[in-house]
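Each of the next two complexes has subunit A plus one other chain: subunit B in the first, subunit C in the second.
So, the complex of A and B:
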């Protein structure tokens, strides 16, 4: 329009804006941060590249990655879900107290875990989406209830996890690629497809503008409801992998996940108001958080300082991603 | 022609508030039917009920003889009724294509549809409705308001198989030719159109009949050919409209605000002077830098270079707060009230006094009665009925929301008002109140810079008019030789004659 006299300038500007936006919207930034962190880790800890080291890194990271992936579904639609801690504790003790051996047993347990997680998510979804109770209050309540039930099932850490889960699921495919990495990659593939479905797109639309989404014909309540159900499924997966990794059940297993999950989502660059971000970013956010701990440990940083440094790195990362967003959406000049 | 839509005794209450109290009307197939009424007459509620956003408490609707009781937007679309909403319902960070196709963007059942194929289908929709200047993969948030409005309308057009509801479709459109062409194509297929607009000339051009609403009830359905404007106004307000406002003479007051070689956004080297006692109008086609200029003067946007001189001193105006405090004070009323100005779930009174308390008090408690009293004084100046002061702003009609914003601007005690399209999408009654407030404001030593997308408004109100083209002043027109034709010609650039219609002929 106004740029008719300088079309080339306008076009370049538009093109630059598009690439910046692609970067800001994708998981690109957090992947770069993760890779940088990985290079640092290898530099300070040469043994990091050993097969054992890689395997244990991914095994340690996977539960948090899955939990963060789950929380992302709710946060993307503009909601909030504290039930992650309770769901993980509950599913974890259920697995540890339901002994089923072999691959068949592991599969049955997986189905049981996911069903349980989705059930908790569905309860959250009904309370928040249909009964219109504030998400923080509702999910805080379900978190406390789940933790209580977990304690009823298993009073103290213990229980039994099948050998198949403990040894096979935490191993590596053809002794090279950890299964944990394969599962994380499947998570990325899942989100890549899901975010292109109507359900995925509606999730982002609702997060951006509830009213406009409703007027566009989107069923906002259903979208909210299913975001909690998906979240529950992913929390259950996290609990399942946690049981395999720790080979035991713990009624308070989920507690450390509560804050770390939100930290991982924020680090990944998903907006807490909803509408922007994705599961892939959160998977990498969680992986980065875990890797950061390893790097600080390898560098010999006293554990008294790790919290402070982790926090500062997080703020830097979030600021950086905010700056890129700002540059990408600085559109008022047109 | 048979009756396509028959509405009988439709009513809707929100608690004790009666939004709609008995609407009876009918729309024929292939007809363009106007709904006329003041703010709060119930037009928006009627639209919401027809399109399934809210459900009525009483009354019946028959569509082609069958009951029409949509439980959702989606259900209404299924019945062939689609709506273009006044407050646009587009998702900002999705593409034009995705917005057009929501909520079922992907056609694949087991696998998401390819992006290229989605874009192709959206391009076909855009082509079908003669939109050539918007790419399907453009992001909604990058588009100017006028283009967004056309996308909103196009989406409704693409779903309208029986009834199209247009709520203030031209509020942001500088020209109606595209819209009217599409409406005619639709009515030729027998689709009916419910057309809601405050612009009577438009209504007369495209509509055959009109139903007048007042206080939530239908007053009468008339053939537009058989009734004059005064008669319509009388039905809308229940009495004869106020007399046209008096002429203002040229102002020679003190210079309150001046810009020297201002560069901001698309504005390139603008010199502008605002004197006490004058209303300076800004005329421009869309996208000539008017938003940038107003935002810079309001303190929302930082200038790139040049000087803004307020009250004789160079002022940086970093934020709206600073602009307010820079004597003699600048108050800015922005373009999109939904997004930029209003706190939906606070009361009107709180919204009005907000700027005042924000600028003066630090950590003091807010006295509720004092707040009501102060708000009431300001509300009176914009003719906002005091009974609305306790309402949540989100529940007020668009015109009353605009009055709240204006009252807030007055509350600050600023002498310089910067108003971006202050009367956009409001009814005649509110328009008159706003005009009276503006006159009153400058008569008391203030100055106003205002942009309007309606030329008639500029001609009627401005002491003088500045025409922007390509970020620069292409003409300054004094009161004496101000005509719509003159402004229109200047808006198309300095040396181009004869003037062409306002918008592109795509």
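So, the complex of A and C:
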């Protein structure tokens, strides 16, 4: 796989530096935006710093953060995955209809959920990478099918989520650091490591230029395939945490995630079309999107009009990150 | 693709006569006809001309908005603002007409123009500011929906003009008026997309934007106009839906966004742009509508219904792949 052609060591290093620079660029920006927004939030809502308030903020944000993290894998290689809504609905109802108590049960359910998510991802991957069907169209179909299966499992909102998941997973470590924040931090750690592995670099290389990636010996189809599998795993985690947070199952639980996930990824600065961005940026993008709703509410903006501001911020964020990227690549002389 | 260039010149000409487009469109209508005939097994009242009429009637709404979606997809775009713009069309027609026929001649164009302006915003964002179509149209959709929500306070008021209401229920030479409208629209749409200079330019932009630019095509202006047309079509759908249901709701467009994309791709268009016919899209819309009516007549649960819908889209995608046609064409050419 890697031994097909050997670019010189210097070239590889340079390419690596450029790639890392991109990741740093985009994640850095959104982290700054997030922190600024957090300061504004604390300023308009002094109670925001209470333990309860922090805990609920992170619990609310985590499912979208994980979903956006998953979608990023596919978007980075230049694909699209609409199945996020269907996968979340499906895994959510499976969790709510599979009673398993206690920490052991929660762990077993986690394994079941992730396996299911990866299975859906693998199906997407086969259809897109190997049957060569356009990703948007193919995942639109699998999304609808997953929603149908979710409806078969659970006709209406209901089901049961174990007390352990509902109370322990949404609590805080030593009553101060929400587990949701710990999980999000693990996501950042995971991506920091993954993006430095061959698989992670291939993902970005395929997104930047498919032909060049193939010529340099990267197995493009396999990279595409696994991007969908990783995406499925993260959607499953999102569904798992959603079940813990809402303490119930809902066959249409995933629907609100469809557009918000892509909004979060865009806000994070990951380029649609692939090759630039990262999971960390998307995690912060999703967190920013959720925090923004709180800020707007705290500032007294009528909930009717929050969409106007959300939409505008999305467009501005994309423009801004493209401009920064443009400036950065000009300075490099690339 | 590369196989095509390898075929000698005279063979290419023969192959063109059995173009994949014709095969695709014929296949889709064949499947629709087959489904309608087979649906007699489901219910004795099905399978006849009256069912065809119902299907044409119901699919007309999807066809109108899928035309715009198809043009946007043709130039490598995607319009996710369709649902919100349908709502705008419906809400505005209910509010502005307010149950009276007066001023219909300027109210309808005004609504279409307002919607087209939303499309212009989409187009400018995509072309001038290089925002990915997915993000631009989604953001504009969210903004527009939020404005609708704010202005109506959550509950749209008013009624569309009675004349429009009557139109939706009227018949002309024994066929419902909206079906005539659908036929006229399909003919005009096909003319625009496949047989007009405008349509050919769009195909050129979709096939290769750089080449189209070098060839001197005003790519930006073309792309902006396509988004404007898409939004106007969505607005038109909204007006008709409001007239059909005699009122508007804020979520009235939701059921048309994903189906509009599905109709276009099932109809044989490439979601990557540069390829597609409106007749195919009409067939795709009819296929989805036929399937939905049969499935609801079967009385199976919502779950199975949804699974079947997804499976049919997936099956159509797999069957309508280029490679399938390439091999089919290769066989036919060899027979010649």
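Note that in this section the second predicted complex is superposed on the first by the 304 of 334 C-alpha atoms of A that agree within 3 Å, B and C clash if a C-alpha of one lies under 4 Å from a C-alpha of the other, contacts with A are read in each partner's own complex, and residues count from 1 in each chain.
As a working rule, contacts are C-beta pairs under 8 Å (C-beta built on N, C-alpha and C of every residue); 3 or more make two chains touch, one makes a residue touch a chain.
Just so we're clear, the structure is a prediction, and the values are computed from it rather than from any experiment.
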Does the superposition put A:248 against subunit B (first), subunit C (second), both, or neither? neither
Going by the contact rule set out at the top, does A:147 touch subunit B (first), subunit C (second), both, or neither? second
With the two structures laid over each other on chain A, which partner does A:205 touch: subunit B (first), subunit C (second), both, or neither? first
Which of the two partners, first being subunit B and second being subunit C, lies in contact with A:302: first, second, both, or neither? second
Would you sort A:132 into first (subunit B), second (subunit C), both or neither based on which partner it touches? second
Does subunit A have more residues touched by subunit B or by subunit C? C
Examine A:319 and indicate which partner it touches, taking first as subunit B and second as subunit C; both and neither are also allowed. second
Just to be sure I read the superposition right, which of the two partners does A:259 touch: subunit B = first, subunit C = second, or both, or neither? second
Across the two complexes, find the residues of subunit A that touch subunit B and also touch subunit C. none
Which bits of subunit C are touching subunit A when the two form their complex? 78, 80, 125, 129-132, 134-136, 138-143, 145-147, 149-150, 153-154, 258, 261-262, 265, 270-272, 301-311, 313-314, 317-318, 321, 323
Considering only the defined contacts, which subunit A positions touch subunit B in the complex? 1-2, 5, 17, 21, 193, 196-198, 201-202, 204-205, 208-209, 211-219, 275-276, 329, 331-334
In the complex, subunit B residues that touch subunit A: 53, 72-74, 77, 83, 85, 87-94, 98-99, 102-106, 111-113, 115, 139, 141-142, 144, 155, 265-266, 286-289, 291-292, 295, 301, 470-471
Within their complex, state which residues of subunit A touch subunit C. 80, 127, 131-134, 136-138, 140-153, 155, 251, 259, 262-263, 266, 271-273, 302, 304-308, 310-312, 314-315, 318-319, 322
